[in-house]
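All chains are identified by letter, namely A, B, C and D, in their written order; residue positions are counted from 1 within each chain.
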Amino acid sequence: MAGFDKVVSSYQEAMAGLQDNMTVIAGGFGLCGIPEGLIAEIKNKGTKGLTVVSNNCGIDGFGLGILLEDKQIKKMVSSYVGENALFEKQLLNGELEVELTPQGTLAEKMRAGGAGIPAFYTATGYGTPVGEGKESREFNGRQYILEESITGEFAIVKAWKADRYGNCIYRHTAQNFNPMAATAGKITVVEVEEIVEPGELSPTEIQTPGIYVDRVILGQFEKRIEKITTSD
Amino acid sequence: MAGFDKVVSSYQEAMAGLQDNMTVIAGGFGLCGIPEGLIAEIKNKGTKGLTVVSNNCGIDGFGLGILLEDKQIKKMVSSYVGENALFEKQLLNGELEVELTPQGTLAEKMRAGGAGIPAFYTATGYGTPVGEGKESREFNGRQYILEESITGEFAIVKAWKADRYGNCIYRHTAQNFNPMAATAGKITVVEVEEIVEPGELSPTEIQTPGIYVDRVILGQFEKRIEKITTSD
Amino acid sequence: MSLSREQIAQRVAQEFNDGDYVNLGIGIPTLAANYVPADIEVMLQSENGLLGMGPYPTKASVDADMINAGKETVTAATGAAIFSSAESFAMIRGGHVDVTVLGAFEVDQNGNIASYMIPGKLVKGMGGAMDLVAGADNIIITMTHANKHGESKLLTQCTLPLTGVSCITKVITDLAYMEIENGEFVLKERAPGVSVEEIRSKTAGQLRVDGDIPEMNFV
Amino acid sequence: MSLSREQIAQRVAQEFNDGDYVNLGIGIPTLAANYVPADIEVMLQSENGLLGMGPYPTKASVDADMINAGKETVTAATGAAIFSSAESFAMIRGGHVDVTVLGAFEVDQNGNIASYMIPGKLVKGMGGAMDLVAGADNIIITMTHANKHGESKLLTQCTLPLTGVSCITKVITDLAYMEIENGEFVLKERAPGVSVEEIRSKTAGQLRVDGDIPEMNFV
């Protein structure tokens, strides 16, 4: 099935079409489950003015943090942006904009974007700075605010394995935001540890069906750990 | 972990607390993936005035259809209610009410109910009888209608295997509405083909985490097939 | 000669492109799977939660837990994925399915469709049809051009309750292939041996005919 | 004597019931996992997508793909489930987590909480805190009764930007255990050796004291 073979062989091909001022939705939680090679390609490409939607912005020198070095990010939509001195500096300088979004609202906005739901009501953020300027409404005696969904020109995703059709599975908690990100990109690119043949993943174990995926590339991952905590 | 052992040993225990005029959310698609024993228990119990939320209402004499025989259902919320002469009769008699809901909207209403989202916008049904009396709103140049979520006092679910903590997996397309139904019940009861010990299901393969599940019962299933179609 | 059901399905399949994810409704649409051109591959989505629907099973391999949206026993093709109904409709409503093929009672020149309800007759429900027409960009409607009383099903304005508004762009009937543009049916192809005049006489809605209209081509 | 961090955590753990699903925030809340009474079991939810969080791994078994919401390496307990962030917050926002324990900067007598932002200081973000306080019925706040300048953190009205409104019902500080009811802090227990007068003097919000207030009981 040539038409369903999503595998590309170069990072240039993987991120072809990415242009200045686009929105990129990125999977990952901190440094866990991030598409390291796709982020590096965006840095190499030098694309500017990006809006990046991701729970965090990596750390100084790793993950999405490397896109700050050449000021490629115009705006971050995130729930938590600590652990990053360069981020702080650019934010205070006014070189970078941040839209803080509660973690659950962010996950739901990505899912809704991919699922054709333009907006939903949530109790999260009602009466707080997050709710300012947003419509609020009562359902069953409780107040909720209206949140709009998110889609992007690109989604960059890290999976464990994918088959050639783009069916993906994730490893442990490296799943996190990746399945939602995968649904919300106009072009969804998945970087994986292993490419397998169709049929090797059982239909029920597939976590992201290939219909959401446009390109698959085999990556090499450093998998840096933010906080190593051990019991011994 | 006594506190997490959800397994009950009788159908009476499984459906304890079900009372007249409650709302029951049922998994299943036609006769595929339905909690046969839990439905039978509702029939035996004789509970009346039920609102049943399920994609279909079974067929005459099987599945949810058996709850029509003693007029236990007051209202069905479904996307498709053909294949059922008794249903038709009671509907025409005015003994039964039906709220036809598009299949995707129904699935999303259950999911939203379980996820604390009281309402969402969807393009489905705009400009049709489904949209009548509902708020409509434009997002990005397109019209959407507001749909409210669904929860119920009980959810009845059919899974393939569950562990004692209530972690569930589904078999093939018998998954259908079951995972959403499981999240939307105040009391969620799961009838399974096999009960396993915690740890036998790998954390990532679990489709319904036990946090949504209150009771698990081992069932016997006839698994009647609506339309046997073969290639030979 | 008006097209047979199989010929309508065959003409539908010509609209598929290599790599398309396709949802086929019950009836004629389902037949289109038999006519996918040999040089392309499509993947079938079934809205109960299956992407990559295979052929019917052998008698020996029938499985009650493996059905399609028509509640028929089916198989999963190599590389298939199985998921919940919420995920299935996230795909459909999120616009990820490339082509949707559905039947209808009526279609009008503004792209409205009526397909699920005839007042006075018992309403069985819309199933996934409203989601499909609201979610897809490329919807192909298959139906006979006129009903059994000879009345056109291609109208100025639908008379039956709608399944969706302004969503239909392609209609393939037993007489013609038409696209809907700017409030008109635009005649693109005729069934072999069917005249423009016959099509015009059986089309109640506004019909645009630009130049010579070729016959459909069946290889 | 005011309670140590460990004693606050120990008192928190007394609020757990057998079979509770519990989400513990970073800091003192996380310590509560060490004091779960021996006769009960709780299951820990971590909002990045893990239900059934186990202890930290051995050095040899550290896995970059296995972390908690604090981005620390962890293990999965027997019977754990792992899922996406959307599913994780469906649990949280849908009210399926039984107990949530969080720190705060301020809590007021109407159950409002401020915990994520001090104007003038850099805002790092709310992470999952706003979802947690909006989703849980049973939220326990742990914090010191007063800040380092001796100013009460239990207020008539929060002064910092809110994380959530009217959502807090229990507060455990280094001095007292209080519940919030009808616009008042209701004193339930004192830290051993701490007087009602001291608690009153360090509580800026309305404090109700009904009869004798027992000391906390640490086994």
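Observations
In the analysis below, a contact is a pair of C-beta atoms (placed from the backbone, for glycine too) under 8 Å apart; a residue touches a chain by one contact, two chains touch by 3 or more.
Remember, it's a predicted structure, so these values are computed and weren't measured experimentally.
Across the two candidate interfaces, B-C and B-D, the one carrying more C-beta contacts is B-C.
We define each chain's centre as the mean of its Cα atoms; on that basis subunit A and subunit D are separated by 29 Å.
The centroid of the Cα atoms in subunit B and the matching centroid in subunit D are 35 Å apart. For the pair subunit A and subunit B, the distance between C-alpha centroids works out to 32 Å. Multi-chain contact residues of subunit A, defined as those touching 2 or more other chains: 108, 111, 115-117, 122-123, 171-172, 175, 203-204.
Across the assembly, subunit C contributes 50, 76, 82-83, 89, 92-93, 134-135 as residues in contact with two or more other chains. Working note: touching chain pairs come out as A-B, A-C, A-D, B-C, B-D. Per the touch definition, subunit A reaches subunit D in the complex via residues 29-33, 55, 78-82, 88, 91-92, 100, 102-108, 110-111, 122-130, 160, 171-180, 207, 223-232. On the subunit D side of its complex with subunit A, the touching residues are 46-50, 55-59, 62-68, 70-74, 76, 82-86, 88-89, 92-93, 112, 117, 122-131, 134-135, 161-165.
The touching residues of subunit A, counted against subunit B in their complex, run 108, 112, 115-123, 139-140, 142, 144, 148, 169-172, 175, 203-205. Those residues of subunit D lying in contact with subunit B across their complex are 17-21, 40-43, 45, 50-52, 76, 78-83, 87, 89-97, 134-135. Considering their complex, residues 1-4, 111, 113-117, 163-165, 167, 183, 198-199, 203-204, 206, 209-212 of subunit B touch subunit D.
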